[in-house]
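Please find the structures below.
Note that chain A is present in both complexes that follow, paired respectively with chain B and with chain C.
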Partner chain A sequence: MAEITVTINGRQVSAKEGMTILEAALENGIDIPTLCHHQDLTPLGACRICVVEVEGSRTLVGSCHTPITEGMVIHTHSDKVLATRRMIVELLLASHCGSCFMCDKANICELRKIAADLEVGLPRFQMRKNYYPLEDISPYVVRDLTKCIMCRRCARACSEVAGHNVFAIAYRGFDSKVVVDFDQPIDKEVCRDCGVCISFCPTGALGKPREAKEEKRGKPLIITS
Partner chain B sequence: MSKIGEGTNPQSQEKRDLLVLLERAQSRSGYLSKRTIAELAESLGLSIGEVYGVASFYSFLSIKPQGRNVIRICKSLPCYLKNAQTIIEGVRKEIGINPGETTADGRFSFELTNCIGACDKAPAMMVNDDVHGDLTPKKISKILQAYK
Partner chain C sequence: MSFDEIRSRAVSEWEALEGSDKTRIFIGAATCGRAAGAMALFDVIQKKLAEHNVEAIVGQVGCIGLCYIEPLISIAKPGRPHIYYSDVTPELAAQLIEDYVINDNPRPDLALGSTGEGEIEGIPRLFDLPMLKPQVRIALRNCGIIDPENINNYIARDGYSGLVKALGMKPEDVGEEVKKSGLGGRGGAGFPTGLKWEFCRKSPGNIKYVICNADEGDPGAFMDRSLLEGDPHAVLEGILIGAYSIGAGEGYIYIRAEYPLAIERLKLAISQMEEYGLLGNNILGSDFSFKLSIKQGAGAFVCGEETALMASIEGQRGMPRPRPPFPAQSGLWGKPTNINNVETWSSVSAILQRGADWYSGYGTEASKGTKTFALAGKIVRTGLIEVPLGITLEEIIFGIGGGIPDGKRFKAVQTGGPSGGCLPESLLNLPVDYKTLAQAGSIMGSGGMVVMDEETCMVDVARYFLTFTQDESCGKCVPCRLGTKQMLDILNDITQGKGKPEDIDLLQGLSKQINAGSLCGLGQTAPNPVLTTLRYFGDEYEAHIKEKRCPALACTDLITFYILPDKCQGCGICLRKCPSEAILGDKRLVHIVDQDKCSKCGTCLDVCPAKFGAVVKVSGEEIAVPSEPIPITPAKKGTEDSPESSVSDET
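Coming up: the complex of A and B.
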């Protein structure tokens, strides 16, 4: 692999040909937030959180799936980039269920972390939320699609890591969702004990069934005297 | 009963032919039944979910049984700006069902669809394969009479 030189945030860095902008940035200590991206999965570019400005490009580009080219001039944290990322998070939150108080994964939620990092508060856009009933009939995985942000990490993890193909995307536009077979609740017939998708889900959409007496994760420490 | 896709074109048994095969299956039986989808998935080596996903994505593929005639009104922006709402309302009054439904006698199914490429004739609708443009609520009754 040939070494090529790119400029990231005004600094000339060298990186290997074939790397993505995200990889080159990470290697040089520049943090770009990601949501649908995962190092163990094929890049997809669905969420657009990782967009960066590339000089000469008409639009912002997704850094997780754009390969670097010689002489590229990249800005990872320009005003335009930050404004765009904030807007994307705001839009994601607008259609997200938003009940973090009630969510088991509230304190390990990547969406919430990114919103906090980018200083996004309550979304300005009030919109009708999709309602999907909780799918808790499987002994291996609990699915709550109201929390799903359509990053497709579960679908990719299931086919690429676990070697199954349980999840697919169906319908269109606001109605689109992650489905199992003919859009049926996930049960132990279609999905056996593996749980790979749960660790890949950035939100609380996929979780382990709660065992009896198990406490909520990351609950505040209460000191009793 | 032979499997969908079998005997039609021996070359078309690859994943990339999915859309063509779905279209063909739909034109044969009017809609894509669960059985059709499951058979297609098996013959192409795809999961049922993947085939169902494609079938449910496209407005012109149907996963529900359809009436003899399918009315599709465009819900995209150009038609919207030309008052497609009044046409939707007009059809609703004329045949007495909401979008997504089929009349009890099986004569009409009523769907909203994405752009059908007739923006120059907005507001437009399709009945089966015929495009009707420059619609007004008054024209609807006469147009629909031709479809039994």
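Coming up: the complex of A and C.
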């Protein structure tokens, strides 16, 4: 592969042809946040968190799916880029259920980490949430769509890694969501115990069910005055 | 059969029709004409002719674009011009047969205009009418003139001569010819068509595709439908020329399923082409082979976006994917693909028929040629027009469109559908081309042009378009899925009087970032209606937010209906007509509106007799009215001669 030279944040770096902007940046120690991107999955360009400014381009471009070209001048952390990333996180948080205290995956949540990195606190918008019932009838996976950010990593992991096609996208606009079957709760009829999607989910939308009677086996909590 | 034979047969068929010794009656029967009642005319006319034992040719043609006076019919007696009649009801059709066909009175009082050789006293030439005179019809050249279901009509009017010419040239020269014409993509972006073909032609690979994008989804736009219904072969010829130049062996027409008549006529046209050897292997004896299929879209606006359209053809959910790779490198089924809009393809066939120099003679230095527009909204003459680029908005709206009805004032014109913007009165002298419209914050778009008068609230218009984009967003990328939702919610709040001063900054910030961050054109342009209304009608936003007032009196949550106590005559019409039972009063008592019950439907305002004018609609102000019905002040009683009796007449 031919080496080509690009300028990232004012620094000339060389990278291999065919690399994406994100790969070239990571290789040179520049961190770009990502949500829908995963190194084992095909790029999707859905979350737009990884957008960067490329000189000469009309809009910001997604770094996870845009290949580098010779002489490209890239800004990964310009004011415009950061403002857009913050806006995206704000938008995601405004439609997220927000109960991090109660979330099993709070400490490994990628959305929470990115929000902290970008210093986004309470969003300026009104909270617009889609509340969905918790899907816990499957013995293998618990799904809480209220926490879903539509990154579709689960759908891609299911078809590309696990070799199944359990998930799909349905509806439009704000109502769009990741569905199973014809919008049925996820169940063992369609989904087996591979658990691949759970490890790919960046938020708490997919998790392992707690073991039966887990709580009951614990010691009783007695409060004495 | 060689093409020359086909053509000479078609020409003699056309001449036989034009020179026929029978009367010819043509009915405009595109969807718009049918909606206005054109199909009922066939029976009436046939019956009337049979009654009088007159033999005549009765046929259908496409839409000539005069939507405001549909249905249209034309009658041509042997050796006389075609005379067009508008607003034809079945009764009028029978009358016309009686008067003109039987008794030879062309009824100049009812006639709209005439075409063809010869003149008839008292009837103007059709193409001298103010709506038609400034037009240059290239893409729409045959619409309303030929029978769209008869391929011979098209061939007789130079049809497929462009293809014959192209097949005699080298593929790259065909592309050069289109490049030289200056034709830009008529789907909205205006990207040079010849250049687009070149990318695809130079892309490596043996299998390539061409696609005709007929997924017309802008609110108020119907250019593609009319064109496909009125002259399908012009589009199909263009596709063949493009496919030859690119080296594509297969093509698709992606058309929305809501256009059944266009689909039916396309299918018929394709079968006619196969019959004549214009589709299939070795077209017209050349080495060029081409296959064409129709794919019906299931009604998603985003499928007008190239990558989403291709995903839809492949059988996937219509969602855009990131570019690069561009469709010219890796498109349908991963092969190089070229997509053009219906109107572009129709212009291509015209360019090859008549030459690039002829085409580039129209338009401006930067934007060559003509563009179709669908005039809709608050305008006197709604319809489909085609004008040279560079014409001003004023010429289109006031010259061709005849201005605003009912003596109202012009307020704004919306171009480019949900991706476009609203332009105010001060920009009416703006020449219509790709660059100037973009500078003004709008876009050319596919040609929707919605005119609004002073009664339109611009915040409400922005809200309407945001509702549309939010409904049609595919949900893939965050800025479009969630950002337009937040913008819509803010606009909803503003129109309901719940707006906050910081909302305007928030809208502007959101707009900027949705524009910069979205994945496809739908999201990138979705904030345009908001940005342009903020830019040109910012005072209306201010009035909604600060004064809780809708200057156009359109936002129902911000308006109030009052009955003026000094004008009310106690007639009780409003009380009886009010659907919400929100009016209190009795005979000879001043009526009042119970604001808690009022649903702001405006019925009371409509029914209050004009000579009283007692009901008013206001926004942001309060009018002192009695708290309960009181007797009408005696001083008022004698002012009208006898309100009671005149009222009882009306009731």
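The working rule: the second predicted complex is superposed on the first by the 210 of 225 C-alpha atoms of A that agree within 3 Å, B and C clash if a C-alpha of one lies under 4 Å from a C-alpha of the other, contacts with A are read in each partner's own complex, and residues count from 1 in each chain.
The definition used in the following text is that a residue touches a chain if its C-beta (ideal position, glycine included) is under 8 Å from a C-beta of that chain, and two chains touch if they have at least 3 such contacts.
Quick caveat: nothing in here was measured; it's all calculated off a predicted structure.
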Room on chain A for both chain B and chain C (clash or fit): clash
Touched partner set for A:172, first chain B, second chain C, both or neither: both
Chain B versus chain C as contact partner of A:183, first or second or both or neither: first
Chain A: partner with more touched residues, chain B or chain C: C
Touched partner set for A:51, first chain B, second chain C, both or neither: second
Intersection of the chain A residues that touch chain B with those that touch chain C: 168-169, 171-172, 176
Residue ranges of chain A touching chain B (in the complex, touch as defined): 165-172, 176, 179-183
Residues of chain A that touch chain C when the two form their complex: 43-49, 51, 59-60, 62, 65-67, 80, 83-84, 87-88, 91-92, 94-95, 124-126, 128, 149-150, 168-169, 171-177
Residues of chain B that touch chain A when the two form their complex: 34, 37, 46-50, 52-53, 56-57, 59, 114
Sites on chain C touched by chain A in the complex: 300, 317, 319, 321-322, 324, 470-479, 481-486, 489, 506, 509-510, 512-513, 515-519, 524
